[in-house]
Amino acid sequence: MKKRTLVVAASGAALALALSACGGGDSTTTPTGEAAPAASAPAGPTGFNAGLDAVTNPSDKKGGVLKMAVTEDWDSVDPGDTYYGMSWNLLRIYGRPLVTYNPAPGAKGRELVPDLAESLGVASDGSKTWTYKLRAGLKYEDGTPITSKDVKYAVLRQLDKTTYVNGPTYFNDWLDLPKDFESVYKTPDVNTDQAIETPDDQTIVFHLNKPYAGFDNFAALPATVPIPQAKDTGIKYRDHVLASGPYKFDKVEQGKLYTLVRNDQWDQATDPIRKALPDSYEITLGVQGDDLDNRIISGDLHVDIAGSGVQPAAIASVQQDPELNARADNPIAARTWYISLNPDVAPFDNIECRKAVLFAADRTSLQTAYGGQLAGDVATSLMPPGIGGWQKIETYPSAGSDEAKAKTALTACGQPNGFETTMTFRSDRPKEQAAAESMQQSLAKVGIKLTLKGFPTSEYFTAYAGKPSYMKENKIGLATNGWGADWNDGFGFLSQIIDSRTIREAGNYNLGIKDPAVDALVDQAFAELDTAKRDALWGQADAKVMEGAYVLPAVYAKGLLLRGKGVTNQFITGAFDMYDYLALGVE
Amino acid sequence: MTAPLDVSSEETKATPEAVVSGLGGAKAIQGRSLGQIAWMRLKQDKVALAGAGVVIFLVLVAIFAPVIVGWFGHPPNEFHQEMIDTMTMRPKGGSGISSEFLFGVEPQNGRDLFSRVVYGARISLLIAFFATMLSVLIGTVMGIVAGYFGGWVDAVISRLMDIFLAFPILVFALALVGVLGQFEMQLGVQGDTLRILLLIFVIGFFNWGYIARIIRGQTLSLREREFVDAARSLGARGPYILFREILPNLIAPILIYATLLVPANVLFEAALSFLGVGIQPPTATWGAMLSAATKYYTVPHFMIFPGMAIFITVLAFNLFGDGLRDALDPKSNR
Amino acid sequence: MSDNFLDVKNLKVHFPTDDGLVKSVDGLSFALDRGKTLGIVGESGSGKSVTSLSVLGLHKGGRAKISGEIWLDGEELVSATPEHVRRLRGKKMAMIFQDPLSAMHPYFTVGAQIIEAYRIHNKVTKKVARKHAADLLGRVGIPQPDRRVDSYPHEFSGGMRQRAMIAMALSCDPELLIADEPTTALDVTVQAQILDLMRDLQRDFNAALIIITHDLGVVAELSDDILVMYGGKAIEYGSAEDIFERPEHPYTWGLLGSMPRLDREPTERLLPIKGSPPSLINVPAGCAFHPRCAFEGRTGGKAGTEVPELAETEGGHLVRCHLPREERRAIWANEIKPNLESA
Amino acid sequence: MVTYIIRRLIGALLMLAVVSMVTFSIFFVVPRLAGVTATDFANRYVGRAATQETVVEVAKKLGLNDPVVVQYGRWVKGIFVGSEFDYGSGVEHCPAPCFGYSFVTKKPVWPDLLDRLPVTLSLAVGASIIWLLAGVAVGVLSALKRGSLFDRGAMIVALSGVSLPPFFTGLIALSLFSYGLRITAPGGAYTPFSENPAEWAYNLILPWLTLAFLNAAAYARLTRAGMLETMGEDYIRTARAKGLKESTVITKHGLRAALTPIVTIFGLDVGILLGGAILTENVFSLPGLGKYATGAIAAQDLPKIMGFTMLAAFFIVMANLIVDLLYAVVDPRVRLA
């Protein structure tokens, strides 16, 4: 699966809001109220979308408290147990992975730069073996040196998905692990050198079970943030994560508050990418969404960590208030909101019936359902535009609907008068509910009658939409869904959702496309070592999926983000499509 | 009341007129049944009558919702996104209230708020009525049985009532709707029907304790009354006494508490919908509309219309129920 | 001005209700001297309790309209300020209520309630008041009064409660004592004790006593005068002897007939009065009693149309009846009295 | 008295036991009847990245395949002696009283509940004081001035109050005072009393008033009815007959008796409220027990739901007991036997 966007854990009250994270600059929909030039403008650009591809309010001033907040708790601050984009972004202030994303605005932010490692990975054995050398003089907050063995332990540790349920499984799937290895806790004595070698304290060598040219993307995962075995307290490690970055945890009140202060053992000389400007961080959890927005507007808070955009109420304020408008950014994220069509359920086993849905769905209405122009651009493909190999696919309408073609498709399907089917959505996500309602309205126009069924997010994938047997038994044809890239390439976005070999019995995010042609393209792309060619292959796979009408892409997600008052060096990083949290400072 | 004793034959002879005229006089004074007296009182209670009027109006609105919406509105689930500013997701011009959209439109999808409020009455009243009936049914049976038979039956049922009253009801209802929702396959119903049945069950099931308590108390005192003794001495058996002698005397309290339970159930249903476990969208319910309105606190009409609908409904039932209680139970001063 | 200690003149107490004007008391007059006892007798709803309450000025809790005059020891109470009447209550005039269980506050000890009554009108310390309360309890015949002062009403038996109630009423040595159905809630044997007690106390205190009851038996031995009320009006008023020996109103006959007497055989049936008391809203036209009256036919049709006057039949004996005096006496002598005594 | 209390405490324990059994059945037995399997349960505890083997393993570790009785027994045992939870990287000890261990948050439930309690307590105590004072005052005045303009006005407001759902009044209040006029704290704001009492009160004032309004309305009606009934009692007439001043009659004799049932209802209401003011906490996003419960339900976090239900039921049962004891103190007629 992909990096989660933090969604206010629906407290029954359905107060949740599902805005996406954000992506590279796209200015075709720049709204009204363009850039009110500030009188006492500091250096750097200002105005609407100024943070998309430039550093706003640049400064090297140190000191101050950076106040951040988030609407709900997140999965974990343990680098081995988190899958939230905001968390991957933020944890770099206290943890250093082997490599990381360049703290730079826009697309430059997607570039990988060495962090713990002296340089990016060195591939050998046809990209099956990757070697990294750690920098000299690295220390934890307690003064003990950081070694390559700690990195190895950290990576192996989080393979135990029974304990660390949240993180991704890339290392599980790609490392050449010995058969008898279960977990660092159960089988501590199994020799794991065939997967990861540490010939000395500075060197770490990864051995993959199949070649992968983009392994640096793995090395950038939080899983490579070092954890010394002696300090591992299992699941409780999240209560005191040992800092390798410039800040260390001071107060930890799970679900409520984290404060971080300077880590005096961190040495700027070992770290070319972090400026470490603020003296401390104050992170409040569980702040109510509207309250959070209002406090950022007033300057009481600096950053909404979730980075998924303001609540509907604040969207209007930003529209109406030029001063606020000038503080807003509207990046597009590497995330697509889409509606999957279940080819296991009649009549969607017939491509024409699937096409009928793709033609009949009102794209403009869907866009509005997902939050309007500021919340997303109408999607024409599964893969979002920020990803290499993306192409605009013009088979289906990109505004409104095409009822004539839908009817033709219905006739071709043998259901000229339409049919009935069921659609699921996450009941605590108003936008998905609106999308389902929109589908019901527009499909009714061509005779397709939808019954809507909402399920709570917490069980949506484990018990309903992510359980193919349930979907089949209950004849559920359509399901709302969303997917964001773990990193911005075709692998990072598509592999988990279109490859039929990753279909799961429960907790399934896969679209359920059992198309050998698609699987073949995925295999080809895995094997292709040339980046450009690989991107093209992913593009083809994307086109193939659309050709088969397996999915109705609704919008490429966008978020309306507010820059904090008095925050320096604030810009959108293309790596996470939200503000970069490494460079921030306070005036 | 006429003295129960009859006089001996000589005495009867002695004052024959007295007997006849006395009875006549008594009749003239006592001739009205409780129902008639209650009706007389009710007729004079303008406030209660107004409440009853509103209740009838609401019931009519619920029944004829399609007709009303046909005249004054649009289909309740129909999108009118042309009414929406796609930047702010708000209705153009703030609320969209016009002669075409009497209550304006919802943000984001532009549905006709008037139609949705009107249709919301259906769900709200349907669930409240039937849940009340369920509670009253369970509560009356449990209360009568406990009160009449006493002993261990009473002990068991009373304990049961205590347990039900000790549950955090709202949480339970919330959780139970979710748990029972999984029975879709077994029950063979789905969609709104399933949800409505589920809500009726959950709301009705948790509210019987209170009514049972009242009925039990009433039955206990009725059981000791002379006419029950009389029936018993004439050889009437349990069921006969229960249903022919005691039940008719419980109709007044049952009626009062049923009438007062309806508004409580309207609130309960709204609360469940507000917390997200009510009827599935797009079907309109007042609670769900309020829940959606929480995100748009700067769009007041969105919360005011469904909120006022709940308020007026509950108030009308309360007024009517209060009046009914005053009429049927003159001792109460409430 | 009046010569009598208590003189009630043409008292009317009317309650406007949603259903119409309730004439609870409708033109009642009577008088009473110190040391004397008046029994007011009637069925429930005859207005006897309202009469007593209005003397104490306690009817005002409702929306009663009161007119007429109530002279107490030379003071007119109907026109007096409520505050003035309040000061008299408990001190100059006191009341013993029916059903002492509900008439005493359940949350306060008996002693506390007596002490309270005493200290309203007497500036004394609690200690003194407590001593006084215990004395009073002892005086009304409660054993171990020093201990029982701290008991709650529910801890007393019915008779003891009534005694305590009497003690409370006597706490300030009232000159007028009104007892409203003082024995109704009690067992027969206890009734007799209480009546004895009241007689003794009245003698000791030399108070004017009004006993209100539906039971002629209660007042038989206690009263000097008896007032029989029906439908808010006096229908017969005279000395105890007049009422018991020479009753002239059919209603009084009925009351006498329904009076259980110790000198009768227990197997014997009582003579009930048929029908129910009249509605005070729609008082029957003419004589209020005529629908229940066995002799209504002998009035020549006046009973249903004309309200009879309360007329003196002889020496202070007043009767409100359409039947000619002679006929009344004849019926009493020939038809009623033998029946009552025969048995 | 002591034996009575002991007997009642045993009764309360039995009651809680039954509540726990019913709760447990609803969440663990009923779904099984609907065809939910042990692995389906386990699916809730594992992350999205879990493989099917992981799920099966977790199901086994948590004993989800055991008979329900065994699972219930384990849960009960945990309350008294604590429990051990094996989640892979070692055994996690959940000390007594262990009301469950959330596999969603990987934390024992009990400390979480204790953590949320002060919020709910703050809300309940503040609101209940306001509604008791306001409700009783209005109710008494209304009863004494029965039929007056004040009475009618107050009763109309009170009836409206009980007819207004708190999630509506709360919303209106929030959008009017917090977001519109900006004179009260926005939703979600909470500061512990120990940190800053002024801020604590400022943040809670709107939730207090919202919750209090509803209950004050109900109490005003109750008080008025009770007062009218009491003032018609014989002993009030007796008090007047003694020559007591009307004010003394009302306050000493009338109010004392009229308030007794109000106080007991108040006790029960506060007991229920301590188990979480679900609607109010949700409207104002207060991190109390009620919000915790709705969150747990949304996440289908069964151990949390169990723990919460038990705590809430505990408050209700204890409130019942305390009210009964209190009643015996206030009303001398009540004897505890």
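The chains carry the letters A, B, C and D, assigned in the order they are written, with residues numbered from 1 in each.
The criterion applied here is as follows: a contact is a pair of C-beta atoms (placed from the backbone, for glycine too) under 8 Å apart; a residue touches a chain by one contact, two chains touch by 3 or more.
Everything numeric in this text was worked out from a predicted model, so none of it was measured.
Please work out which of C-D and B-D is bridged by more C-beta pairs in contact, and write that pair.
Result of the comparison of C-D and B-D: B-D.
Of all the chains, which has the CA centre nearest the overall CA centre?
Nearest to the common C-alpha centre lies chain D.
Using mean C-alpha positions as chain centres, tell me how far subunit C is from subunit D in Å, no decimals.
54
Between subunit A and subunit C, tell me the centre distance in angstrom, where each centre is the average of that chain's C-alpha atoms.
Distance between chain centres, rounded to whole Å: 92 Å.
Go ahead and note the Å separation of the Cα centroids belonging to subunit B and subunit C.
One centre to the other, that is 48 Å.
Can you work out the whole-Å distance between the CA centroids of subunit B and subunit D?
Computed value for the inter-centroid distance: 25 Å.
Please list all residues of subunit C that touch 2 or more other chains.
none
If I count partner chains per residue in subunit B, which residues reach a count of at least 2?
174, 178, 185, 274-276, 291, 294, 297-298
Multi-chain contacts only, two chains or more: what residues does subunit A have there?
10, 12-13, 15, 290, 313, 428, 456
Which residues of subunit B touch subunit D in their complex?
159, 162-163, 165-168, 170-172, 174-176, 178-180, 182-183, 185-186, 263, 267, 270-271, 274-276, 287, 290-291, 293-294, 297-298, 300, 303-304, 307, 310-311, 314-315, 318-319, 322, 332-334
Quick one: which bits of subunit B touch subunit A in the complex? Just the residue numbers, please.
77-79, 81, 84, 86-90, 107-109, 174, 178, 184-185, 190-191, 274-277, 280-282, 291-292, 294-298
In their complex, what parts of subunit A are in touch with subunit D?
For this pair, the touching residues of subunit A are 1, 9-13, 15, 73, 75, 83, 160-169, 183-186, 232, 234-235, 254-256, 286-288, 290-292, 294, 313, 428, 456-459, 461-463, 466, 504-507, 509.
Which of the residues in subunit C end up touching subunit D in this complex?
The contact residues of subunit C facing subunit D are 53, 56, 58, 61, 86-91, 94-95, 97, 99, 102-107, 113, 116-117, 120-121, 152, 154, 168.
In the complex formed with subunit B, which residues of subunit A make contact?
10, 12-15, 17, 31-32, 290, 311-313, 315-317, 319-320, 364-365, 367-369, 371-374, 427-428, 430, 433-434, 436-438, 440-441, 451-454, 456, 473-474
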